[in-house]
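What follows is chain A paired twice: with chain B in the first complex and chain C in the second.
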Partner chain A sequence: MPFNARITMPAEARAGDIIEIRVLTRHPMDRGGQSDGKGGTVPRMILNRLTATYSGEQVFRLDMNTGISANPFVSFTTRAVASGDIVFEWREDGGATYTRTARLVVT
Partner chain B sequence: MRWRAVLALTVIALAAAPATAEIKSGSEFLSPEMRRQQADETRNPAWFWVEQGEELFSRKPQTGAACISCHAEPKQSLRGAATHYPQVDAASGKLLNLEGRIEQCRIERQKQPGFGYETPEMLAMTAYVASLSRGLPVEVKTDGAAKPYYEAGKAFFERRQGQLNLSCQQCHDGMVGQKLRGDTISYGAGTGYPAYRLEWNDVGSLHRRLRACSLGVRATQFDYGSPEYLALELFLAGRAKGLPVETPGIRR
Partner chain C sequence: MSSPISPHSRRPEGLSRRAVVAGGVAAVGLAALPPRAQAEDLQPLAELIARITEGAVPKRGKITLDIPQLVENGNSVDVKITVESPMTEADHVRWIHLIADKNPFPDMARFHLGPRCGRAEVATTLRLAASQKVTAVAALSTGGYVVADGDVVVTLSACIDGG
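Showing the complex of A and B:
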């Protein structure tokens, strides 16, 4: 199970409320550079970007580098405007992407 | 001559280690921020392992039964199970910890290849099963059939070993609360394990932690699941009797 995510945010909010979104991710965030035993080095394999898109608009972006620990945690806030999905997308070195979606109901 | 006096005083200080006072959990020695992180499921990464264990627990292997087909309703049926480990296996008379019991069940009852100690699957399973006892006091048996193992663990704890010629007791009874490098010395209660250690960036078993301790005093590192560490685990659990299980814990 190399990737997993735990997203914690309120399921409901009133329009105009500031909501906190917490994202905990399972990933080894291997910075690479170790010997691979065959004369080469192990390539870097980290999540290099996390974006959150709320109702089609990007509300948060985090560019990550090798200084970020394994299993990173980040929390951020956004303003509840309308009911919709918040789509979280991680971009991994090598081009793989992982996506999670959370629904926010605005009353 | 002054260094001799200092040395003599140090030796006296080490020898005068107080008899086991009230044992405190390892989390008492963490910063308040880390204690909050341990308690907060939204921020404690060790819950990923618990989640994985829960999934493994109900996954049916290609042949044989899933864990959950015997241990139905694990949240009730296995609540408190982990507090009794390590325990003596009635059939073989051997001391088994939680890892040993899960492996035994998997090989003998499920007829599956064993996970192996310290594999991600075993860590996930032990973290999950131990997490079902979260908050319940440790209740290991240290008398009867377990007595020889407990005595062996106690002897291990008190025996000087390694190039630094230190016993576990000298630090984990005598120097508790003082600093060792950047960390605070604790009583060595393993109630948070398998725990997420920041040093590892990963979840690891108590035996992995014990191996790190052995390396620290430049003593022999025993194998995962070795009789020496099993006996020591029983002794530590006996010392920690009454402390709540904290798995999945966070440790430095």
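Showing the complex of A and C:
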């Protein structure tokens, strides 16, 4: 499955700073219903959820429907509290999940 | 005397050129009707909003929806939503919901936020099936809802078969 994610955020921040996290994902986000050329239709296959977990708590969640474009871009903010990994997890139709992490150093 | 025109190229019986022209005019007339007449199955925007706010009428202001007025390609439309909120434990934005009432699935996305976001500022890329009004509804932890919308003209719509 062609999945790839590019996460752009600062590598370090001062405690209390608000950082912006930008996530660009490569995914076809098939909305389903198109003809497959053989008399059938293409099933829906999208990423339906993205969660971001940081220092033991979910800080952001995006529920996606077919109204989100292919290769979706998402940006959000979070407050730097402690050094650690920010874990991004995508959930795809059919139950597959993809996980990426990004390290943030808080000074 | 035999006709110089082959019988195979005769007009089909019962469908005169005049009928075809008249039919075409009628079709153009139909297409020119307001979109309501064609899309009776679309839910009105007010109903879509009332469903997610549990009947409450959202207020205007304190929320900004940043979306281009004219887009060439409905397959990817940049949108940015900002809500004025201190984002503290007592007063923060719980979620932001995006609606496009002329999409086949009007509910496009919901951003769940919390006090640890620091700012209520999110952006994403949308898929729009037609020129329409895009609406963002935000739920506040204090109990109210705020709404903002923007009209978008889409030159090439998404959701064309094969696209």
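In this text, the second predicted complex is superposed on the first by the 101 of 107 C-alpha atoms of A that agree within 3 Å, B and C clash if a C-alpha of one lies under 4 Å from a C-alpha of the other, contacts with A are read in each partner's own complex, and residues count from 1 in each chain.
Here, contacts are C-beta pairs under 8 Å (C-beta built on N, C-alpha and C of every residue); 3 or more make two chains touch, one makes a residue touch a chain.
Predicted, not measured: the structure shown is a model, and the values here were computed from it.
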item: Clash or fit, chain B versus chain C on superposed chain A; value: fit
item: Which superposed partner A:Thr8 touches (first chain B, second chain C, both, neither); value: first
item: Chain B versus chain C as contact partner of A:Ala70, first or second or both or neither; value: both
item: Touched partner set for A:Thr99, first chain B, second chain C, both or neither; value: neither
item: Partner chain in contact with A:Arg26 - chain B first, chain C second, else both or neither; value: first
item: C-alpha centroid angle, chain C to chain B via chain A, nearest 10°; value: 70
item: If touched residues of chain A are counted for chain B and for chain C, the larger one; value: C
item: Gap in Å between nearest CA atoms once chain C and chain B share a frame through chain A; value: 5
item: Contacts on chain A seen with chain B and repeated with chain C across the two complexes; value: 29, 69-71, 73
item: Complex contacts: residues of chain A adjacent to chain B; value: 1, 4, 6, 8, 22, 24, 26, 28-29, 69-71, 73
item: Complex interface listing, chain C residues touching chain A; value: 75-78, 98, 100, 103-114, 116-119, 121-128, 158-159, 161-162
item: Residues of chain B defined as touching chain A within the complex; value: 41-45, 47-48, 51-52, 120, 196, 198, 201-202
item: Of chain A, residues touching chain C in the complex; value: 18, 20, 29, 31, 34-35, 54, 57-79, 81
